[in-house]
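Heads up, the thing below is written out as structure tokens.
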Amino acid sequence: MAVSANMNAIILTAVWGIVMMFGGAFFKQKSTPKYWAIAGLALVIIANCYELFKLDPKGVEHGNLFPVEIKGMLTFDSFNLLFITLVLICTLFLFLLNGRDIEKVGNNVSEYFALIFFVLCGVSIAATYNTLLTLFLGIEILSIPLYILTGSDKRNLKSNEAALKYFLMGSFSTGILLMGIAFIYGGNTGTPTFYINNINLGTGKLPVMIGIGLVFLLIAMVFKVSAAPFHFWAPDVYDGAPTVFTSFMATIVKAGGFIAFIRLFEHAFGTAQQQWQILIAIITAATLLIGNLTAVFQQSVKRMLAYSSIAQAGFMLLSIFAINQFAKEGVILYTAAYSLATIGLFAVLIKMSDYTIDGFNGLAKQQPVLAFTATICLLSLTGVPLTAGFQAKLFMLIAAVNDGHQNWLVVFAVLCAAISAYYYFKIIQAIYFKESTSAVQQWDVTPAFKVLLIITAALILILGIWPSLIIDWLYY
Amino acid sequence: MDQDISITFPHVLIFFPLLAGLITFFLKKDATVKSWALFSSIITLCVSLGSLYYANNKALSGLTFNYEWLKYIGASFSVSLDGMGRILTLLTALSFPIIFVATYKNQYKNTNSFYGLMLLTQAGLMGVFLASDALLFYFFWELAIIPVYFLCSKWGGEKRIQATFKFFIYTFTGSLLMLVGIIYIYLQTAATQDAAGKIISAHSFAINYFYAAQLTVDQQSWLFWLFFIAFAIKMPVFPFHTWQPDTYEQSPSAVTMVLSGVMVKMGLFGVVRWLLPMFPLAVAKFDTVVIILSVIGIVYASLLAIKQDDLKRLVAYSSIAHIGLMSATIFATKQIGLEGVMIQMFNHGINIIGLWIVIEMMEQQLGVRKISQLSGVAHKAPVLTIMLVVIGFANIALPLTNAFVGEFMMFSGLFQFNSWIAVVALVSIILAAVYTLTMVQKVFYGQVNALTTNMKEISVNAQIALSIIVVAIFLSGIYPQPLFDLTKDTVTAIITRFK
Amino acid sequence: MPINYYIFLALALFCIGVIGVLTRRNAIIIFMCIELMLNAANLLLVAFSKLHTQVSALPTAGSDAQIFVFFIMVVAAAEVSVGLAIIVMMYRNTHSVDVNFLNRLKN
Amino acid sequence: MSNTLQIVWLIPFLPLIGFLINGLGRNHLSKSLTGLIGSGVILGSFLISLFVFFQVKNGNTHVAHYFDFINTASLKVGFDFQVDQLSSLFLLIITGVGFLIHVYSTSYMHEEPSKDFAKYFAYLNLFVFSMLLLVMGANYIIMFIGWEGVGLCSYLLIGFWFKDNANNDAAKKAFIMNRIGDFGFLLAVFWLIAKLGTTDYHQVFALAIDTQKILLTPFDIGGITLLLFLGATGKSAQIPLYTWLPDAMAGPTPVSALIHAATMVTAGIYMIARSNILFTMAPLTQSVIAIIGLATAVVAATIALKQNDIKKVLAYSTVSQLGYMFLGLGVGAYTGAVFHVMTHAFFKALLFLGAGSVIHAMGGEQDMRNMGGLKKYMSITHITFLLGCLAIAGMPPFSGFFSKDEILAEAFAKNPVYWGIGVLTAFMTAFYMFRLYAMTFLGKFRGTHDQEHHLHESPAAITIPLIVLAILAFVGGWIGMPKVFMPNGHRLEAFLEPIFAKSNEHVAALGTAHELSHTTEYALMAISVVGALIALLYAWNKFSKYEKTSEEETGLAKAISNKWYVDELYNAVIVKPVQSIAGFFSNVVEKRGIDGFVNGVGKAVNYGSRQIRLLQTGQVSAYMLMMVVAILILFIIQLFL
Amino acid sequence: MSITQILFWLLSALAVGGAIMVVASKSPVHSILFLIITFFAISGHYILLNAQFLAIVNVIVYAGAIMVLFLFVVMLMNLNEESAPPQKNKYILYGGTIAGASLMLVLVAALKQSSQGRYLMDINSGTGGLIENLGKLLFTDYVFPFEISSVLFLSAMIGAVVISKKEA
């Protein structure tokens, strides 16, 4: 076990969070924090990439700027380093695209950024934890700022309501998580410890306590990734929260939850896969069904995307259903594809005056660039070839089929994907084939914004053609 | 897997239309757009003609190009040009210039995106016919649909959006099922190795690996249906056909020509290239079911065609009938039948495009497609009429027109499979005569009515397009041998797999 | 004293907490019930730590669990500060902390 | 391949050239030029046919291979022409009669605008081309090409005046009925391919009689022949597919003469004669053919008795005569059938052309009730027509007598009943032909005055063909003298002997053939001739003083003059049901059934979505309750299942 | 029945009873007070289990700080009675109770069969929970989580500030 783990990201994000926090007192213009934040994030990314590059296959790392003795409470490999890098980059895109919208949310701009940095810190812990303690801390550090961000639009009752719901249910799930940890610890005979990779699962059927703990942990995790039937918070929260933070939550945070999930079930319970696989299968099926089906009828695009994010989570769950190499490649790809697409889509959505589907009518005429990029994002979410979304889904399906225990689940998944095409293409229709009914709205769209959107779309396409650009980092 | 990066025909055939299409999006003036589109499509035609000379008859070798694309999952950009590929790429390459010429006068708003999408469609189709890698095949399979979806929904008739949407969801669902099948087989394939013999990837998407995959009967049985549904929707085979008449009716004529002339061949191609060789056991198990479905489709569609009042719907149903015959024959897996199918895939494309052009010409001038509203066009547009009569009789497979030889051999293949099924299917030649002649009589003969009095002779470039088609009809009707020689290799390859 | 007793006790507290969460409408009380759940977890952990101290030879065997409990308390404290802040904000806007009135967002 | 007969490709090629020139140049060529080209090419191929005929007569038969039509691993079909006695004979008939009719047409169609005039000749040439392909093809597929080609041309020519939808309906009916025939023909060919893998006459027949390896079971042969015969009934207007022929009279009269009397309708006879060996080996089929032919002959004759349209009468008589020929084929009198084809070609063409000349003179009038007494206006037409009538009525020494009596004799040999009915039909034939003759030429004129004013003899272009044909109709029969008259007088039989040799051997082997004694033959002839004569005379003086009456006929007569209501029957039994089934499919099955299901899936998704989103009540407690329930379920699954 | 067992049962009864009252009692203030009682009982259990340090912290942090905070908030809003009209949808009430109870049942039923549950443990002996041991551990092995939790507090603090600061 390495001396110290992926500290660059964690420490720098934390530090930069503090910087932003104090910055709040000094920044005069409202736009300053944005630049600081972007700069800081760039710094973090560089540091993290440095670490990633210096990594050697044997897992001994040379790129750590902060050699701290952590008793292997965090571990890291190319997988989670790569993952964190992706997450950070996605966040950077979010900042660049929607920085000005963050300013619109309220007065405490720099605090918002600070909180986002803390969330990132939490994500990087959740991605690299090696003991249940760090898992717990990571999850909490990731959640608590989100409660705030959700409620940050204080005048807006929806925002308040969302915050309260999120908080109540979130801490409820925390309770469940702790119960699970306790049972795992208690049931763990031999050398009792919180280190996830020496949990003694015994042979044959799981010991009862471990079993109980496993289910509790499973539920807590499933809750974090908003999979049915523990998804109920997601639509309301995503709907109520300020759109820019919704975009952040629906992509980066959810991905963080997944990476934690996958780590836990690979390293802690991987050997007993047979005994929990059926649970995941059920949950996956439920998630796919509820997510897609409910999304079909939504009129508000924002809420529709909330449900679609649930549906996508269902697809990502396939990776946990079948934990194998394909699944890990897949989850990386999926994170990148899904996050990019969703962020791009939300970036466009934020610019709309009307969040209903009809609001998109005739967008192609008024804003061809926005229309085009939104279409690419939608195609990617649908999983049409040549977009990153397809590659992601492909890997997920390969992983699931390769596991081979529940092939009905795979067929079910693709059928649900077909349903998803139904509502994604409703938007495309609105954009291209319907005439705008309402009066032409005012757009505050800068050229830079457009360029960034195009870059996003281009990335999606490039990843769609050469997913190896990312995946090769897993084995070099 | 040779890393041969020299320019080969297949990837010119794919990438030239692709680039041409992309360029088209950035052209401004309509005239330039049109001429560029026409020009580039003609170039493509020349290339595909050129590729015919290099025809060497070994199935799936011939002109191959191969580049390791996603090596960690053993997918490679490998394309190859065998007999069936050649004849279908030729059809694709031939049909687009004809379509462009015929619809040269049409005014589409945002001309550049229209023609751009058209060329992209062509690229996608080429890819489908050339791909010899399952993942690549699936890629192009989808890519051929997307532009068509936009074309139809943007430039189509008044009910276009729903119709096209239905069409898209329908086909998308089918192809997703196929994707599951592909993945499953992929995971049964052997590992790929490089020259040094070290394993590159655990499995491979390459077609020969797929052929070599060891599948039990049970596996084949459900995989068969996964693939078959995708192809059946595309062809379409009864009862998966209901999207077709609506889509044909609603989409702009140029697109309808592509859809019915070339795109339906994707399904047939898929069956011959992928389904038959991969699941011989399942085919042996289910062939009767499928054939009966197809034959029902033939008679059913012919009967419906009699009742249609909209010319486009009529042609749509007649096309369903013809396709049904082809699919039935394919699943009969008799040599003579397959030989017939090969050339019929080409000829059906030519004929039906001709029919669409004729209909388009009339709709252009009179704005209606209703048989009941038209009459006596022959007095006003004799040339159009003659062309129509020729194409119409080709459509009912009169000897010395191109369709005869194909249908003759297909029927006799079907007869060798099961004479009674052939008898039922053969009824369609009578019904075909009924609806075709009724249409010709009602629309072209009889007295000129108020509407058709202001009908004029068709434009020159329409005449050119139609004459090309008519010439093609007679050429391959009187001397079909070259087409047989082109596709010999594919047929023998299939038949040997079934021996 | 079998460990089961402690487990059952903790479970009882936990489930009572759950019941409270499900049945009460006052956000604060719901929150308190959640705290109750956390404490149940704490109790369980402590009990297990005791168990492990006995089972394994080394004296500090179970203490990691106690550290964990310590961290749980830390987190709980932080959560409480945030949670109460949110509740207060809610109260400011609606003059009610009844979760039944939280139904602007649905379907 | 240095055989002189290799040049036979010229025979069909010339008409094709004519078709192309006339067809493409129709807007530019003058009428006279068009007519010249149109008839010239036929003349050309007639001359070549003569040459070929004499070559063949000197025993030089040949199969000319030009190129591979289909050449695959599974099927080889050469584009081959077979020149032997049978085909050379038909070549003569087709090109000869064809030429005369072309000449005739140049004058008959002269009122047409030059464009349509050219179109007409183009079609006519195309027809001759296809007909030649039909008879020259060396395998069933080439034959089928011609087979369908003539069908197409008949379709085009019947609907030549396509302004009038009645003509179009007739054309359509003709084509579709032919298609039904083709249905059988194709199935037969598929069957052959499936069993023998070839369609070349030589190989097929060789394999058929091959007694070593039995490739064709009797069942196969029976089926194949029956199916082929189905094809023949379509093309040659036999029961049940004969109804198109009378309607086909909607076309121009020369067309009726050429296609619907002389040549095309005899394609069926040619085809069966060509594959005689197969039929000889299928006695069941033979009797079917005989019975159907006989029935057709009778039915058509009865209908002809009461028709008033001059062309309709001729049409039904054609059907009836074709019935004779099939009777001949059925009883194995192949020579007789072919013989009758030839003679019939002469006199029926003559009669049609005569009728055409009459119609021409009457200004398009076809109803005999408005004619009468024409003999003093148009003598040539009258004379030639009379000869034609005598020939068809089977009066010695006119051609019809010989051919018909040969068939009847053979029929008697096979089964006296056949002969009885046949001879009865002969009487009817004599009756209605002379009814026609009398109503048209005798008595006093019943038409309007300006019609009477315009009455005149037709120009030379019309009369010359009439005369030529009249001569042929007179002497044409002498090449087939019955043995009873002179021992080896039957030149035709001697000429065609090689074609039917195999069949004769087969029959001889079976030993069912038995010669008629001379006395019986004389008796038969006497009966038929006398009977016909009586019928003839009766009709003559009954209808020479025919007056227009308007009393409603009843019972049998009504049924007859309504053609036994066959069209109505077909309409009710076939057309209507098909239409209604199609309607049912397109309105119910398609829309509600299949498409309904597809849309139903979409609707179901929408409905499910509307329902399932009610889960999202907005109540936190409800959410958590559902979560806890889910937790419960998961625990139960994990711990107790 | 030794003194420890008596204590155990006593404390357990106290904890459970308090917990029930927390849920049951109408007035929020009362529930808070009952919750404090429960926490004290739990602290008692900690002492029984030789987790002295935790017992103290529990009393100080929970019963002291947190609960006071709750009390303070409740007072501030002075909602000593549930102001809203009585529960409309009773099914949540019953459903919730039944669900919670059956969860309990399921888990107990599962644990009853487990061998692990049979460990006998002798109460109040051992030094695992003394401050010095824990302190050593905390500042050596667990320094990293310790540091990290500061981030948690920071975010909580910022959050509280952001939320409760008046919009200018």
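Chains: A, B, C, D and E, in written order; residue numbering restarts at 1 for each.
Just so it is clear, a residue touches a chain if its C-beta (ideal position, glycine included) is under 8 Å from a C-beta of that chain, and two chains touch if they have at least 3 such contacts.
Only a predicted model underlies this, so the values are computations on that prediction, with no experimental measurement involved.
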| item | value |
| --- | --- |
| Intersection of contact partners for chain A and chain D | B, C, E |
| Minimum number of chain-to-chain touching steps separating chain C from chain E | 1 |
| Of C-D and A-E, pair with higher C-beta contact tally | A-E |
| Per Cα centroids, the chain farthest from chain D | E |
| Separation of chain A from chain B, taking each centre as the mean of its C-alpha atoms, in whole Å | 43 |
| Whole-Å gap between the CA centroids of chain B and chain E | 71 |
| Chain B-chain D separation of Cα centroids, rounded to whole Å | 38 |
| Inter-centroid spacing, chain C versus chain A (mean Cα positions, whole Å) | 26 |
| Overlap residues in chain D, where contacts from two or more other chains coincide | 602, 613, 616, 618-621, 624-625, 628, 631, 635, 639 |
| Chain C residues counted as touching two or more neighbouring chains | 3, 7, 17-18, 21-23, 25, 30-31, 42, 47, 51, 55, 61-62, 64, 67, 71, 75, 78-79, 82, 86-87, 89, 99-100, 102, 104-106 |
| Touching two or more other chains - residues of chain A | 133, 137, 140, 144, 147-148, 151, 154-155, 164-165, 168, 172, 176, 186, 189, 208, 211-212, 235-236, 422 |
| Chain pairs that touch, as defined at the top of this document | A-B, A-C, A-D, A-E, B-D, C-D, C-E, D-E |
| Chain A contact footprint on chain D (complex, rising order) | 602, 605-606, 608-610, 612-613, 615-616, 618, 620, 623-624, 626-627, 630-631, 634-635, 637-639 |
| Contact footprint of chain C on chain D as seen in their complex | 613-614, 616-621, 624-625, 628 |
| Residues of chain E that touch chain D when the two form their complex | 89, 92, 95-96, 99-100, 102-103, 106-107, 110 |
| Touching residues (chain side chain B, partner chain D) in the complex | 166, 169-170, 239, 241-243, 300, 303-304, 306-308, 334-336, 339, 376, 378-379, 393, 398-400, 404-405, 408-409, 411-412, 415-416, 419, 422-423, 426-427, 429-430, 433-434, 437-438, 441, 444-447, 479-481, 484, 488, 491-492 |
| Of chain C, residues touching chain A in the complex | 3, 7, 10, 14, 17, 21, 27, 30-31, 34, 37-38, 40-42, 44-45, 47-48, 51-52, 55-56, 61-62, 64-65, 67-68, 71-72, 75, 78-79, 82-83, 86-87, 89-90, 93-94, 99, 102, 104-106 |
